[in-house]
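First chain A sits with chain B, and in the next complex the same chain sits with chain C.
Let's look at the complex of A and B:
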């Protein structure tokens, strides 16, 4: 950007100028317009230092290191995120780009920005609450997903009270925000397998009572996406304990059997992939077995006619044939 | 005659449109079907936003029919919501209703450029109209590129015209990021998904899928193909099998604007006149033939031959040639092309505003405000997809 290319501001100067401008914006005094302009200008300068422009390469590592250090010392990242709603439309995106670049910074195997954010978890909580505000939700989403790549940060988010707000965010009526929130939610629950499994085990009751509401949502997309994610979670071998627990509960089986009959073919299909786990379980608890036995003939009949047009999907047809065979062979437990 | 009041200017587009429309489905009433969109994955309706009685365009996607498309549509909505430019399509609201995703956008009263070509300008739009349109598209591309995206689907059907004659670029579901992993990539290699209908417009380097990859200059090639599409009426390579289209592009044969300098000319006896392309050993099929830097010849324009008797300016020919260069390095950027002499033509020739150049096409501005057909939300197609599975009752 030749407009600012000539200026040779040092990283410290840019950070200082930006901090002053954001503070002025926060105070909302009479010079707000000027502050807005200064925020945009300095954000762009900072972004160009990190990414380069069409005619300039990014700054050297030393400059970037200085900039990062100044950002940590000044606490500017948190200030930017707290005032994100006050920054203009393009500036919001620049904040996210600066944040994402700094976050990825590495020194050997260390990620200094990740370490820094671990000491300032307020940054993460503020970002998560960003989904409450339409005008910054998507910007916060891009930063959150970048954070979720790091196990240490994902852990802080999963174990925070704010995590349970996601069950609300994924269902908001504005489609783009809901689906962005769902991407973040999914990333948090699937990215780091051991961490996720442990979280789900420790918080089983709370998570699945919330999850139940998503599966029963009025919103088609929420219902479909959460059902699909449930299938993925249960079929992941890291979540064996969680899966065992889930498929022991007859209420869960009933829900899936009802979803097999939903109007939407996609929901039927996703429900099939959860239902199959109940049937495939070699140690079915009595209440589960009883439901399956009570519906034995109906299930065989139903599954035989289920999605017969998917002839090219071999795996599905094999699984379906297996389920039908299993259900046909079901025997009541011997009376005690 | 469509006359536009002198002082009629477009509303200061972006900022005033953002939050006005709510995501509550009951506040929208559909009046009629405008057409299909997105490879027929969606339907476009003319609708009214009831709280303000504003006519809008409402796109409905049946998500139960869509498989891979669902991600594309989702990405398109999220990306479009993060772009703000007067020449980039606006999404005012997006919400879920039953198994549909509904997307609300401002009404584009002249429809897409493809609609204009199909319905009224089968042999191409007037050159001045094209200058207006392409300038707007370049402004959009300049913005999109600077924000770090490649559009990857520039074509007449993705250029919409509003009632003021402003062109707006849509079709962002094929776009990809240049900024990845916290870095600005010089080249990308990903091939756009479900793009089979865009192949004719895509650049040779994108289609080749080789190690060099491609960058935002790929869009400039597509713009060149679009320039020919707007000028000629039909899309270049229209009747070519994809492999031939690819070979031609890779060998550097670019489409041209069809006029008497580039069209093969036939005399009354059916004898072929000297065609500059022949001299270059290029195929005589003018649609895919090489750059026809004709000497203007003797001006024996033929009666009745619309294409062969018209003449586009050299500015326009040069413009499309610049875009369609085989080597992406040689193609100018969007910002550079905006300074091209082609875009000075409308002013120099004292052109009327675009809506007048599009005469006799009448914009869809007078909307019949009726609300009675809103029950159509539960479409017939939806009912057809119901399987006869609900008859079975589980015994719990």
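Let's look at the complex of A and C:
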């Protein structure tokens, strides 16, 4: 035993001590201050086991495996996340670092922590609800995006009721939280192409009725970001079915035509990239065709004067010329 | 032949098999085959009036100046590589001070390649709208109509997987390294496919690396963009590299599934970078396609199971049975990073520089610190010295030593005596001929009817010196 400093605690001891401290913090009794101190201390110990320090290497694989096993058995990860708002500033960051490290752990092709979280989806739901609390929102965000890298976990999140709360989170008034939520939201909808395409197809109505609200948001940033993401989603070939469905709905076309006229040039530009798909569609449904025909002359005139200063963007100009030509050549469907 | 010969006081015999010989050279080669001793000492023969024996220390080259040249806002550096379409040089963006690469395309050259101009146009259109860490970024396109040249400014890469493979004795990577590249290839490919683009020419030669080891899929010259509303990925044409083509193309099917073509060639690529071999070979393209068409191949025994299974999945003869990108991404070999047991294969050094230092710097030094370039003492070196460097493996380095003044004087004399018409281009060269690093400025004044392919270093003695070209 070394003379100075404490002896090395075993993973089991650290987990046990941390669990007791967090529980004490949760109870909020008189010893809260002491508990806070213990939580910070043990979190730091745990973090150093996984990452090492400037003068100590990370622990051996066996120790890390023991620590992971103890974490699963004690259900400490959930407890930490549930009480994240009670832990001090540095401690919150340590929780996120420990969580992300343990999550990335692999044994062969298996990711034991991913498997563990699959059996405890409550962890994910708690993390997602973290966006409701300002002081822990960003910490939860880093953990959520790490989780979203794994298809199994992304699937649980996408298909949960809590996912639809994101449509609210991306609009909150605190800018950094809203944009953090948006990047998690985007990650979930774009990372795993097949999973996302399937999710969007199965939940088309619900997702796009919610999405409509983002596009009509009062908040400029929300409107612009969500419109850009919509463009990306529709133009991705994996979402072919969703795209064809989206462009056959006349309400969507009307919305895009209105967005083409928005005050912000950036929104106009993003709207153009969605609008072009409606026009280029070789099999336009009747209602879509009717709207375009009704506005034929106005659209041609509008597009001719649309963003004429983007002269160096060849692709845009080609597309614009193509759209103008298409709209000019539109003919009504023969009556039956 | 006689009259032509007479204009040339000294003729130097080279023997470089790789060069396309023009008539002159072919004639000289006839004599080269003779045993020199049988005629060279015979003063009376006519031959010696045409040919003087020249010792290797009598042949003088002038060291090439690093004359600073700018294309738009880009400062040109050294050659990085050469493809069928033209040269690739390193450049420095003078506004951002970022290293970039520029692909120099000559319309003249392009016209001679089937679909050359079309392919380049297509590549530009495609690359412009793509943005992904594992797909080469096209940053700028400059055109010089006068010189019929096009400059494609791209992200800077230090080398390709093919060069790296060739630098190793067994032509393969350790598994962990191959795994890293393969994962990046799949990321880039997934992006391309999501953008409806079929690359059609995936192979180690088209996978480049940045200094930080990020893989970039490059060369979209034969890629195809599907129609936006196309229901599936049916394609009708394939013009990629034969050894990487799938059975449906080798068997000449009229139409085939595009995405599966890229899966197959990625499979051949994975096979190649992990074993150093090709799954299908043949003495000629017909044999090769015959073998691919049969779809029978052997995976070496040393390849163990998760990888073996993945290769089998990607090299399924029937495109419908072949793995999809999703299946590959879920495959055990893909999910698990192999342990880092063997040492990493590094990117081979460029002209002896392992660190791949910026090559634009000497040009900038010349521009800023040489007051009057005309008065600067030119540097000369001899064939003999050049051979000595070559033996020491430094054939591509620039000589830095100064040479005795006499050389320069002697050279001046020779030049003033020379009065033949401007017949040869100013190819004051160095290095071995198939790695010629000429200044392409010179090209425009060269007599373009001859010798447009690879050029050899030419001695100062037999060459009329042209004044250096001014920058455009």
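One rule holds for everything that comes next: the second predicted complex is superposed on the first by the 329 of 336 C-alpha atoms of A that agree within 3 Å, B and C clash if a C-alpha of one lies under 4 Å from a C-alpha of the other, contacts with A are read in each partner's own complex, and residues count from 1 in each chain.
Following the convention adopted for this analysis, contacts are C-beta pairs under 8 Å (C-beta built on N, C-alpha and C of every residue); 3 or more make two chains touch, one makes a residue touch a chain.
A quick note: this is a predicted structure, and the numbers were derived from the prediction, not measured.
When the shared chain is aligned, chain B comes close enough to touch A:175, but chain C does not. When the two complexes are overlaid on their common chain A, residue A:280 makes contact with chain C while staying clear of chain B.
Counting the residues of chain A touched by each of chain B and chain C gives the higher count for B.
When the two complexes are overlaid on their common chain A, residue A:194 makes contact with chain C while staying clear of chain B. With both structures placed on the common chain, the touch criterion links A:237 to chain C but leaves chain B unconnected. After overlaying the two complexes on the shared chain, residue contacts for A:97 are found with chain B alone; chain C is out of touch.
When both complexes are overlaid on chain A, the residue A:257 reaches chain B alone and has no touch with chain C.
Of the two partner chains, chain C is the only one touched by A:106; chain B is not.
Shared contact residues on chain A (touching chain B in one structure, chain C in the other): none found.
Those residues of chain C lying in contact with chain A across their complex are 125, 128-129, 190, 193-196, 226, 228-229, 306, 326, 330, 332, 335-337.
Across the interface of their complex, chain B is touched by residues 50-52, 54, 58, 89-90, 93, 97, 100-101, 103-104, 134-135, 138-139, 146, 173-176, 178-180, 219-222, 224, 254, 257-258, 261, 263-266, 268, 291, 294-295, 298, 301-302, 305-306 of chain A. Residues 106, 108-109, 151, 193-194, 235-238, 244, 277, 280-283, 314-315 of chain A are the ones touching chain C in the complex. On chain B, the positions that touch chain A within their shared complex are 14, 18-19, 23-24, 63-64, 74, 77-78, 81-82, 84, 91, 93-96, 98-101, 147, 179, 181-184, 333, 385-387, 389-390, 392, 394-396.
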